Amino acid sequence: MMLQITVRHRFAGFTLDVDVSAPPGVTVLFGPSGSGKSTLINAVAGLLRPDAGRIVVGDRVLLDTAARRALPPHRRRIGYVFQDARLFPHLSVRANLLYGRWFAPRGAQGARVEHVIEMLGIGHLLARRPGALSGGEKARVALGRALLAAPRLILADEPLAALDEARKAEILPYFERLRDDVSVPILYVSHSSAEVARLATTVVALQGGRVAALGPPEAVLGEVAATGARGIASVLRVRVAAHHADGLSELDTGAGALHLPRVAAAPGTVLRVRIAAQEVILSPAPPEGLSALSVLRGTIAEIAPGRGPAARVVLAVGDQRLIARVTQRSVAALGLAPGQTCHAIVKSVAIAPEDVGQQAPR
Amino acid sequence: ADPVVVFAAAALSGALDRVAEAWRAETGHRVVTSYAGSSALARQIRAGAPADVFVSASVEWMDAVAASGDLRAGTRRDLLATDLVLIAHGADAAPVTIDADLDLPGLLAGGRLSMSLVDAVPSGIYGRQALQSLGLWDAVAPSVAQSDNVRTALAFVARGEARLGIVYASDAVAEDRVSVLGTFPAGSHAPIVFPAALTAEAGSPAAEDFLAFLGSDAAWEIWAQAGFRRLP
Amino acid sequence: MIGADWLGPAEWEAVRLSLRVAFWATLASLPLGVLTAYALARWAFPGKTLLNGLVHLPLILPPVVTGYLLLIALGRRGPVGQVLEAWFGIVLAFRWTGAAVAAAVMAFPLMVRVIRLAIEAVDPKLEAAAATLGASRAWVFATITLPLIAPGIVAGAILAFAKAIGEFGATITFVSNIPGQTQTVPSAIHAALQVPGGEDAAARLVIVAIVIAVGALALSELVARRVARRVAGA
Amino acid sequence: MIGADWLGPAEWEAVRLSLRVAFWATLASLPLGVLTAYALARWAFPGKTLLNGLVHLPLILPPVVTGYLLLIALGRRGPVGQVLEAWFGIVLAFRWTGAAVAAAVMAFPLMVRVIRLAIEAVDPKLEAAAATLGASRAWVFATITLPLIAPGIVAGAILAFAKAIGEFGATITFVSNIPGQTQTVPSAIHAALQVPGGEDAAARLVIVAIVIAVGALALSELVARRVARRVAGA
Amino acid sequence: MMLQITVRHRFAGFTLDVDVSAPPGVTVLFGPSGSGKSTLINAVAGLLRPDAGRIVVGDRVLLDTAARRALPPHRRRIGYVFQDARLFPHLSVRANLLYGRWFAPRGAQGARVEHVIEMLGIGHLLARRPGALSGGEKARVALGRALLAAPRLILADEPLAALDEARKAEILPYFERLRDDVSVPILYVSHSSAEVARLATTVVALQGGRVAALGPPEAVLGEVAATGARGIASVLRVRVAAHHADGLSELDTGAGALHLPRVAAAPGTVLRVRIAAQEVILSPAPPEGLSALSVLRGTIAEIAPGRGPAARVVLAVGDQRLIARVTQRSVAALGLAPGQTCHAIVKSVAIAPEDVGQQAPR
């Protein structure tokens, strides 16, 4: 299900002008406040009729201004999680959740209601009206309502922003499953680079209404421009090698093992792991006597000093790239140079559950 | 000088305007006329309305104003009379004789008999009196459609919504979509008179003069044209 | 206490008739009222100003004129009246149904104005949300707009009902005053006031009218409060 | 084309008077209308049902009754009328001001109903937000509630204006039908209809009434659209 | 300005029952969605009249149900940043921002308008109406509106949730300055433990309407129960020792130096630094040849195995406590035991700007 979005639209003082083409999976829109993310999503939903544009999801043409075609919103089969929830105030939480069901084609296979309710932890709210919900509860119901509409395209505008970490950690795997098992294309707005790395098949970094960077997260998250220095991360493909008795899982990177708290995947499964560049420690000699269990061996491919005191060091580990962000002082002190062999130390517990995701099928 | 304010029953409008015009041509005095139902006008005069002359379509309302002391004593007189007629839709209906033998239901042929409110509006009250005294009322009562004023009653017949109607002769003359079938015998109902008087508030000699003019021969040319009769 | 003989049989008949007329006038004009209000609030079409003016006309014109125009159009000899009678066997002239039509026409501008205001207050974002979930325009209207404007509909209906209870000028001009068929409470009050000393009878009927209308108002307030609470979503 | 002599001087006078009456009736009753609507929408007080009923009364009663009651209360010999005259030198009876009072009373229920509905639609959360920023109840009303209900006020005012233009029964009963003083357009139409063959004059006046009202409507739509856009916040 | 809040209130199915007493500064309300944070704040604002309660800010009694006293909201002099923005739709952004000004007492010293507008980056929006703003723009205007009301108490309900990292990093120091220079008491709801650690003078962890933990962030953030395992962190008091030419600042902990990207504080200033427990690597021997520049030397005070494969190791460094989260396997492999000397390795670049804050005056 390819996603092809070409949209040009002018507001007074703001112009959205994007041309995005993304493979199946989760396409994450990333970018500062006011960069046009919601505007773009509204165009896909059909709530904004752009000045010009063409939007194609898989083989369905949702909009083609040149051909004067525009599918009305209710025929687009989308599940839109609005940035501002927009629950129906006169309906109970249950009726809100089931609203989209009424209109889904008979036999459309959507999420199981009980399952979604349980995942979102909103079982005790079903009889209430939205007016009596907390902010985060509203956000969860809004998410449930969109998921239960049996959509063929999910639009999620910062669906998890109002939630606490624990709740986020429960919901994120659901999106992964949607992406991998159900293969519903998802357009997802997020400010969190952890969410981006975990979910994104493709990242679209917007800036002032234009695409600043576009590509798989491995590429885009390594770009300072797209993410800000602190968001830089690498995404490694790893294979589950073994689950150990002490609760750690061993993941093979092809250039050393990562030891992570138990990962819920059978040995042999290919996963992807986001490793924040700032959390990687480099050591020219094989390190010893440290509490960190995961050491990858590689070759320095590139050293790029940043504008501040830090430098970006790219290590070739096996056939993959691992990015480390270290101080320029350390680069000098350790005499790091391209071509040199180097070890990357990664703390096992520093990789958050939300940093480990199923490998999206390409 | 201040114009003379006349409160007059709506049935007199038109004719009274022409009389006032004639008076003005003669004296240079202006007349301002407020037309409404006699009941409303009478109540207003009793509430202190700035009227100089009151011309009522109903003897009872004139009595009511007199009883509350709002008339200038000795100025009341019965000004005009008119007759009650039976009318039919169309310009060329055949005349009938109105008496106890009249087959009114037959003439109605299932249609409606248009009258003013038979308990409230003078023409309706007179009409019911007449029908009752002729013994025709009970047969047609269910067919009577009552309007709140005689002009509407006339309009129902003029438009053909009602087959027959009972109105003043003075109303029937001006409408050519109806024809007069006959006049009710004078004895079948109380005399139809329009009393006039000065109000207690009326100060100006002009008002007295106008009241007098209403009964003058010059005025009667106009009244007669409009279908009114001098009192016997 | 006040017995049933406090009012004469003709007056009771008028009360019954007024209730029937006002009830049907309100109920029957409600769908058209909602539709008209929706069209005026949401659609752009040629002749919108005209429609708006037309709807307000009965408010602007003296009731007698409205009644007279109804007579011309809907009377047995009127163009519309003839069609109604010939095709559907519906006769309005001199029937209580005609009184209901007159009351409905007179109350229509009030109903439409109130409902229109309610529609304009609905957040279009909620309707947009419903559309993304698959609801067509008609479904959005039925499941979102309509429930959200329910307080406005109740308010419009009660205003129309009150107006219909009080309507007199257009009614008597259109369908005259036939005791038991078209003599409503206001006609009876009007008639009573025409005769000297009729104030007592009129006062009795006025009290009846007030009781009816205040009852309807109190009921509507109850309904409106419930409805409003539902809509507020608490 | 249609010249100024299309209408007679008395008719022009009626048009001028109607405009003046409707304008002042609407303007002068607006503050009280807003206050009453606010009280009914937001406050709980003993006698609320009574007030609500009282406000609706002119709608429920035949206009003649309302006019008669006004005459009894506000006439020169009425208790209130005497006080007004003795203390303030205000005479309403048989003056255009009385016609304005009658029109205002008749239009009041419409105005209040519409404005009340608008007030009930205001999100109390916005008012709460204003309160946290230091605005007292009066200021919250002036800076938040009032602007947000502006579309409702415009709608209520136009409805009242239209009603005031068309009001007839109460006016003629209260202040009579004196050309140049209390004869408004509807009174003039009514008078014209009483004259045999007066339909032409009536029709001319009807057209004038329609023109006035449609003009006012069109104007109000313009204002309302602007106001609504402001309030919608886009 | 002490903050004393005792509130009991029942909704159908939820009871808030808290008794909080907090010193001047920022009191952060922390806890999962639906735990009662907004309800508590609404009671302080006067928008919710609780069943019973007493709320005192400094010497001002805002509410005392026992004494039947309740200051109406408009006399409480608060600046409330609502979770749902609640901008006035009929007013321009400028009028929204200045709304509270009208009602502030003459001469009340509040924030400078231009300054707040610049900090929030909303200068180009002033003439717009809220309907034409993006989600994050709305959130920023709402924040500005509250700050400009010259409040004597700020209530901020997740004010930064809708913003990107870069924008957050610009706004957070402003709250610090409010806390330290202007000494306006602040009640702040947040789901981000980084924000908590940086801003909080006191943390109130709510859970199901009750206080689960209460205390300074050093104490509460070390509790698994209050934050979830991944939120555990230590907060160290450090003194700025020197600013080096390569862009790093040297911070003295009393048990070794931290090297951080330039900190905007004069030498001698005392700061506080949040160090996430999961980012600390332990080494019994002094580590060498690593890219990490900051090594603290201490004594193991406590080792507490967690429920998963991780363990919490508390190190006494000088007179402070540093918490490390490492795998139990590492504890065994390195033979760590209480009383033993140990080195803690902290990456310089892993400490985010939002993790460094001014030390709140006590």
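The chains carry the letters A, B, C, D and E, assigned in the order they are written, with residues numbered from 1 in each.
Heads up, the rule we're going with is that a contact is a pair of C-beta atoms (placed from the backbone, for glycine too) under 8 Å apart; a residue touches a chain by one contact, two chains touch by 3 or more.
All of these numbers come straight from a predicted model, not from anything done at the bench.
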Counting one step per pair of touching chains, how few steps separate subunit A from subunit C?
1
Touching subunit B and subunit E alike are D
How many angstrom lie between the centres of subunit A and subunit E, each centre taken as the mean Cα position?
26
Approximate Å spacing (C-alpha centroids) for the pair subunit A, subunit D:
60
Could you give the separation in Å between the centres of subunit B and subunit C, each centre being the mean of its C-alpha atoms?
35
Hey, how far is the Cα centre of subunit C from the one of subunit D, in Å?
20
Could you tell me which residues belong to subunit C and also touch two or more other chains?
64, 68, 190, 193
Subunit E touches at least 2 other chains through residues 84, 132
Per the touch rule above, enumerate the chain pairs that touch, sorted by label.
A-C, A-E, B-C, B-D, C-D, D-E
Can you check the complex and tell me which residues of subunit C touch subunit B?
64, 68, 71-72, 75-77, 93-94, 172-173, 175-178, 187, 190-198
Which stretch or stretches of subunit C touch subunit D in the complex?
49, 52-53, 56-57, 59-65, 68, 109-110, 113-114, 116-118, 120-121, 151-152, 155, 159, 162-163, 165-166, 168-169, 186, 189-190, 193, 202, 206, 209-210, 212-214, 217-218, 221, 228
In the complex formed with subunit C, which residues of subunit A make contact?
45-47, 72-74, 76-80, 82, 84, 86-90, 99-100, 102-104, 129-132, 145-146, 149, 155
What part of subunit D is in contact with subunit E in the complex they form?
125-126, 128-137, 139-140, 143-144, 147-148, 230-234
Using the touch definition from the top, list the residues of subunit B that touch subunit C in their complex.
37, 39, 42, 60-61, 63-64, 112, 114, 117, 119-121, 144-148, 152, 155-156, 159-161
